[in-house]
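The structure appears below as structure tokens.
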Amino acid sequence: MALAREEVGLPIVTEVTDEESLPLVAKYADVLQIGTRNAQNFNLIKKVARVGKPIILKRGMSSTIEEWLMAAEYVLLEGNEQVILCERGVRGFDSYTRNILDITAVPIIKHLSHLPIIVDPSHAIGKWRYVIKTSLAAIVAGADGVIVEVHNKPKEALCDGAQSLLPEKLEVLIKNIKEIEGYVRNCG
Amino acid sequence: MALAREEVGLPIVTEVTDEESLPLVAKYADVLQIGTRNAQNFNLIKKVARVGKPIILKRGMSSTIEEWLMAAEYVLLEGNEQVILCERGVRGFDSYTRNILDITAVPIIKHLSHLPIIVDPSHAIGKWRYVIKTSLAAIVAGADGVIVEVHNKPKEALCDGAQSLLPEKLEVLIKNIKEIEGYVRNCG
Amino acid sequence: MALAREEVGLPIVTEVTDEESLPLVAKYADVLQIGTRNAQNFNLIKKVARVGKPIILKRGMSSTIEEWLMAAEYVLLEGNEQVILCERGVRGFDSYTRNILDITAVPIIKHLSHLPIIVDPSHAIGKWRYVIKTSLAAIVAGADGVIVEVHNKPKEALCDGAQSLLPEKLEVLIKNIKEIEGYVRNCG
Amino acid sequence: MALAREEVGLPIVTEVTDEESLPLVAKYADVLQIGTRNAQNFNLIKKVARVGKPIILKRGMSSTIEEWLMAAEYVLLEGNEQVILCERGVRGFDSYTRNILDITAVPIIKHLSHLPIIVDPSHAIGKWRYVIKTSLAAIVAGADGVIVEVHNKPKEALCDGAQSLLPEKLEVLIKNIKEIEGYVRNCG
């Protein structure tokens, strides 16, 4: 991964799933991610916080806004202020989508907290077809960014293929986000 | 209400809650609304459909996408094709908001159906502060419109005051929607 | 149905789904049922209440305890005190069962209200295999009764076959309930 | 705790919340518990499994039956077959209770798996008043046991006081369970 970073010049985000792998991940990744399954694993969160690198803190599968902000407090209390919250959908009753994407969480977090928030529509929805529109909606709602799953051959992906955009769709998304971001800035 | 319509020139939408009041409402209202509590009251839906006027069909409090589209089928089967679907939030576990607004429903409905869809963030969220951002997000996601609660003295409102925008905020919202709609049209 | 009642000597419960059919149903049924899809259709509830016959009021698909008791108030306010509440499961996130059966609702209703409560595990769960155990659990929790779906050829049932007990299983259930009811009475 | 065990002769169950404290807890506790916030923390589950002591695996706050059984597989795959599943309520929409207790999970687990299952109504419901009835319901549904919160001065408890039984209520519960267990064994 470190080699890939050098080649393409993009920073690396990697999920930390346990304390054991933390030193290795901390050495190479630029941003450490706490996944939804560890969203209330406070011991891990504290240890990851102490590394001092930026952290993406995914919302728990059924975390309330308050529980999610409280999880972020564990990072802040360790003296690490580089926390990025990530809305990734919460459990709902309709199996047409994997989860229900809570876009309202974006302006709520912006109101209750000073932390940046990004949105992950791919994991929330589970179907690539709805990822572009909801990404744009998230940006307009005030999100600081989106994470989207991309694969050049989604049908051959080991996992999450159904929710992965083709690279050409990613280009469309990036172009649209750039345009709409200009709009969002102007309308204040 | 008919007098008010004459004066301001706006069409009237009124909810029909039972068969008894249907003739009266049907005489004066331009659009008939089926509320969330009657979203699966198929007998009422069929009778309202037969009036032949446009219908706003709110999503049930815990209706799946499929159940909601099936409810719309009851209208279409009566030969009335003027159905407007309205996303108004579904039951969730976080009491910070009244419901959880399902903006992803917008592109899903657009994909699965030819029916127009509007979004009601006021009832979904229950707090006026988040209504403008989520309205804009809904439009960008592809919604054909939004319904928002407005009151000139929200604190004195008989009900739903907490979710009501002041008239000046409505003007801001309308201005923003017009701008963003232009953007949405252009980006295809 | 009136003929069937004469023959077998059992009272008849029939769901009322609209005002139009109310007079006919009211004439022949001994108990009128408000289904889950009409659990917040207050106009229908009031009209059914005025008939003066006992009413089974099913819990709405996503009704809170409070909303359910408030729906019962509509019946009581019409001067009809013969209301039987029926827990039939609420929407949940696990599609292994149709709904999630809320057995805790039984002691809660008993604590907050004087109304009798029965439980419908068949519709809640949707799989006959779990109906006997959960029926017994409901009785031990304090339920005044259970409704179970029965069919002598479940695989040929027009609907709800998967949740229907065979008649011999019903006999087992009745025998078990009689035994456990004795226990419940004794242990106070 | 080890001293307390010697004195009262009861085995000790302790939750393991991180790898760091595992050696200490493993040394003294008889049973290791994985809490609901770590229900999908597979790295921790595997490490706790390797200790070789019995494990109580709580259901995740919004785990499906399948996800819960899959988490148990992580223990079994480490060669530790002493897994006790614990139903402790799942997230629901009604804030009258902390969670919604899923008693149906008991016969489902008994059908799909050979693992023992216990129920924790105290944490599920959050109100002591409903703990006895729901405990008995769980036993009748087939549960192998219940965990209940007890405190001799609930109002002074540091946490979870509202859901704690007084010791005299615990005696009533134990007496009732013994009686009903006899019934359950006999009715087969």
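Per-chain residue numbering starts at 1, and chain names A, B, C and D are given in the order in which the chains are listed.
Definition applied: contacts are C-beta pairs under 8 Å (C-beta built on N, C-alpha and C of every residue); 3 or more make two chains touch, one makes a residue touch a chain.
Being a predicted model, the structure only gives us computed values, none of them experimental.
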Between B-D and A-D, the pair with more C-beta contacts: A-D
Label of the chain whose CA centroid is most distant from the centroid of chain C: A
Whole-Å gap between the CA centroids of chain B and chain D: 44
Distance between chain centroids, defined by C-alpha means - chain A, chain D (Å): 33
Set of chain B residues in contact with two or more other chains: 62, 91-93, 95
Arrangement of touching chains [line / ring / star / complete / other]: complete
Interfacial residue positions of chain B with respect to chain D in the complex: 91-93, 95
Complex contacts: residues of chain D adjacent to chain A: 17-20, 37-38, 40-44, 60-62, 91
Chain A-touching residues of chain B, taken from the complex the two chains share: 62, 64-66, 90-97, 100-104, 106-108, 111, 121, 124-125, 129-130, 133-134, 136-142, 176, 179-180, 183, 187
